[in-house]
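Paired with subunit B in one complex and with subunit C in the other, subunit A is shared by the two complexes that follow.
And now, the complex of A and B:
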């Protein structure tokens, strides 16, 4: 008897394939910004200020003649790295706390969740402002602030998933084998929550890019001369009339990143669920098998 | 002393949104080394609650236990949570009713067995995997090497129950509790699992506690039998005593409602349903459904009477 693998159907439906190509391309370009960027992103060349797309400046140059393409690449690197860091902070802070609250319940759970209720009643951006006001401006502070602002959502999700999982028989069974609480929480319950948590996290990366952009746009995030996409939006807005492209370019970059990331994440979700996975038609499957 | 487990006057209450449920109301029994005890009764009569309290698997905040569960002289109810960890799995372990849900759905079955070795025997990953594979073969899973890497949803119920048994016996416990372990399986598979349990009992010298509503299972497995109803033991004795000379009307009704026990090939069902256990009963709990019921059964709680030797029953009007 040969082992049947559940390998029918594919993760890469045309949509997911397109989205992952786009996302990987963005990731690649921004990671390799140093190699790909034609100019120094901070090099000022007033003679080509406001020049439209041309062979020298593929995406044109901004109000003080900096190459828009180069700035997009370097800015993307900052934006994406910071967004990932935000999510990392929120996971490290939120997931263990949520697991503990969900598993033990009781006063710890009530206390933590009520604190989160308070924090969640404040919009993440506003909460970011408060923390930035306390921690000072700058990229590190804004990342930390947003990371903390996202902890309540993540930990609440982890907590709810855990409180559902802990009533399942496999947890009682694990207890009956004499597993310690820590082992049950992290090795039995956590793996059952990861796919849902993962979905939430990819969405959060998108949110983090937008919110970081907003913070930068308001001058609270990364500080000049470093730049991210939010910063570019802010600078472009001043010159919206002369050259709308200065706003459109980082805007499109943000949208493309977030949309492609979400499509990929939805695709992975659907693939992992045997009920939802996109399966080939009977004809196609049989044809392939007979080959 | 040959007694491994001695339960005396065990009471288990639950706090619920509808009030306190008196799920187990003063139960006594003992289990000798290498022997098998059957606990029989309808759904909702406290069998599972009783055996789960042996491993203290109830949610502690909402449960109140009193009485004694003496395991080699130590009262399990007095142990600290840390001491409990040393009991679970190593001294006594449990098999649950539905194998489909008693395994972690997203871990490979081999890894789940290996996990107990890693957690409790501090083995390395490689050693644990080796042990797990050996155990898979022992419980009759073929081809073990392939099955090791499969997920629970890829296996049938009978196979899964073998995996659950493998985990339960992995630390060689002295007592194995099978809580309706064959109820969710079909008849042929049920037979295989019972044979496996019998074989393990013989090979390992384990004591078994078999919880079931099926007298057929009890007849095949058990040395002694406790018939439970509404949180109390109604009749207790050796398997032979219970089958040949059932004293309690409830025991007789249960036996005649199974295919093998029915006289003249006719199954007789017991009218009505077990009582809810919110209030302590004043009379016999079986009174409303009993064919022999008399006025005094309703008024006072029947005492335990002795039929012969260890054979006891809780009825004032036995036949």
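And now, the complex of A and C:
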């Protein structure tokens, strides 16, 4: 990513900083689930079923005595990894297509954008249903389905950014050096779009977590024995009266992850928009100038 | 007259869009790896003759395009054929469940619009004061909570505070319907409330700060009239835009909320059919849901145009 000179204003306002710390903490805990989890998430221990928090089971145990903390960590690993994969699929498919459409324009551009118009007129979850019905159920299929469902949004954004960037002087300069189109698109234009794309992608990770959880909740996403937060919600709902915490725990995990992602994304967008950018006090600005 | 022409123009976009969407639904399912015959037979053994008879019954040997034309042609007249497994009429299945989904979606749009306009206007009038702050924080939290999680939280609260409220069972009468629909509809509307409140608030603040508002107040008009008749009318356009976008997405939320509240709606039918690869139900239920979605988009566009004359003249809608 090309580093923007950041003399005035900062991306890392206290709120954004706090949110990033929370998200990174969640990411760390779930990625290292194998090291941190005290139990095997699938280990059944009927003697401790529905036991409340105790030194052995910090968050208690569920209806068949599986450790809730371990399940939360492993479930989070599935949820977050799958969400990242969804975004990866949509970036790999959407960004190059958007760049090409934006740079060359013409019939390719009009064709692709009309197709996206139609697909975007279908709500993402319903489009996900169509693709899941087509590709089959399961983790890989639902990731692929959502990844494809997100391609139109990403590629449209990349296309709009590119069509603005390509009129700028540096592109003309690059052309006059005789750079190839590929080099201009991927080495010159793409780096200038990354920060905006990144802001969009952070939100998309949140949406992907929600939609994947919805699909698993409905039984169309990950299949047992693998489990994610959506699956935990569904299992918890069955035992709602005995142990509400089984629903509360994955619920809080999802909300915390998404709130932190949304705040980070809002922060990036506010930073990219000069009108919204949080400026330091005038005195600090003057001080910096004189350094 | 001009409005009539606008309606016609929008219909000219609507019909091809619907046909393209139906093409996507149909062909996506036909390219799935599962052979319809294995779905129909299930665990049973079959002779080639039985398989041939089944293929003939469902016209599976015809070219895909003529299968599509037969399906969409019948669908327009309200006949969706019979399903692969229980050989029930898909139209009946859908007709039984559509009122629930439709009621849920429409009621949630109505509740959502009223609630968010009230909250947004209140928040803008009290800008910066505790009321505004409280609403803003509540809204920020609501935005981040997926609708089905909100539904689960509602169930949780009910199980603690009102354990006698039941959610299981069939809906047999109109009074059952009205007893069971409003709460899920309210829950479904919350996500929309969160976003529309934000838009209403910022749109109203711009209007309240403009000079015509000061003039109206200086003339001695009562504040209520200035807020609702002057500022709100002008603030309405961006609000309607966002309402029409969210009206559509509440359909996918409805599928999830139905499942949490165990309402026998289209969502349950659809997910069950996807799990069993029962394609006649999948494609027809999807088609109906998408039709509802497109019609809601059309209706909001028409309302939008009725409010804002500029849209009528340009002939463009907001949704597609």
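Of note:
Heads up, the rule we're going with is that the second predicted complex is superposed on the first by the 250 of 291 C-alpha atoms of A that agree within 3 Å, B and C clash if a C-alpha of one lies under 4 Å from a C-alpha of the other, contacts with A are read in each partner's own complex, and residues count from 1 in each chain.
As a working rule, contacts are C-beta pairs under 8 Å (C-beta built on N, C-alpha and C of every residue); 3 or more make two chains touch, one makes a residue touch a chain.
Since this is a predicted model, take the numbers as computed values, not measurements.
Of the two partner chains placed by the overlay, neither subunit B nor subunit C lies in contact with A:87. Once the two complexes are laid over each other on the shared chain, residue contacts for A:168 go to subunit B alone; subunit C is not touched. When the two complexes are overlaid on their common chain A, residue A:231 makes contact with neither subunit B nor subunit C.
By the touch criterion stated above, A:121 is placed in contact with subunit C alone, subunit B being left untouched.
After overlaying the two complexes on the shared chain, residue contacts for A:213 are found with subunit C alone; subunit B is out of touch. Shared-chain residue A:191: touches subunit B; no touch with subunit C. By the touch criterion stated above, A:259 is placed in contact with subunit C alone, subunit B being left untouched. Contact with subunit C, but none with subunit B, is seen for A:135 once the two complexes are overlaid on the shared chain.
Comparing subunit B with subunit C, more residues of subunit A are touched by C.
In the superposed pair of complexes, A:176 makes contact with subunit B only, with no contact to subunit C. By the touch rule above, subunit B contacts subunit A in their complex via residues 55, 57, 61, 84-90, 93-94, 96, 98, 101-107, 115-116, 119-120, 143, 146, 149-150, 154, 164, 167-168, 170-171. Within the complex formed with subunit B, the residues of subunit A that make contact are 1, 3-4, 6, 106, 168-170, 172-180, 183, 187-188, 191-192. Considering their complex, residues 17, 20-21, 24-25, 28-29, 31-34, 140-141, 143-146, 148-149, 152-153, 155-156, 159-160, 248-249, 251-252, 255-256, 259-260, 270-271, 274-275, 277, 279, 282, 286, 289-290, 293-294, 297, 319-320 of subunit C touch subunit A.
On the side of subunit A, the complex with subunit C involves touching residues 117-126, 129-137, 206, 210, 213-214, 217-220, 233, 237, 240-241, 244, 247-248, 251, 254-255, 258-259, 262.
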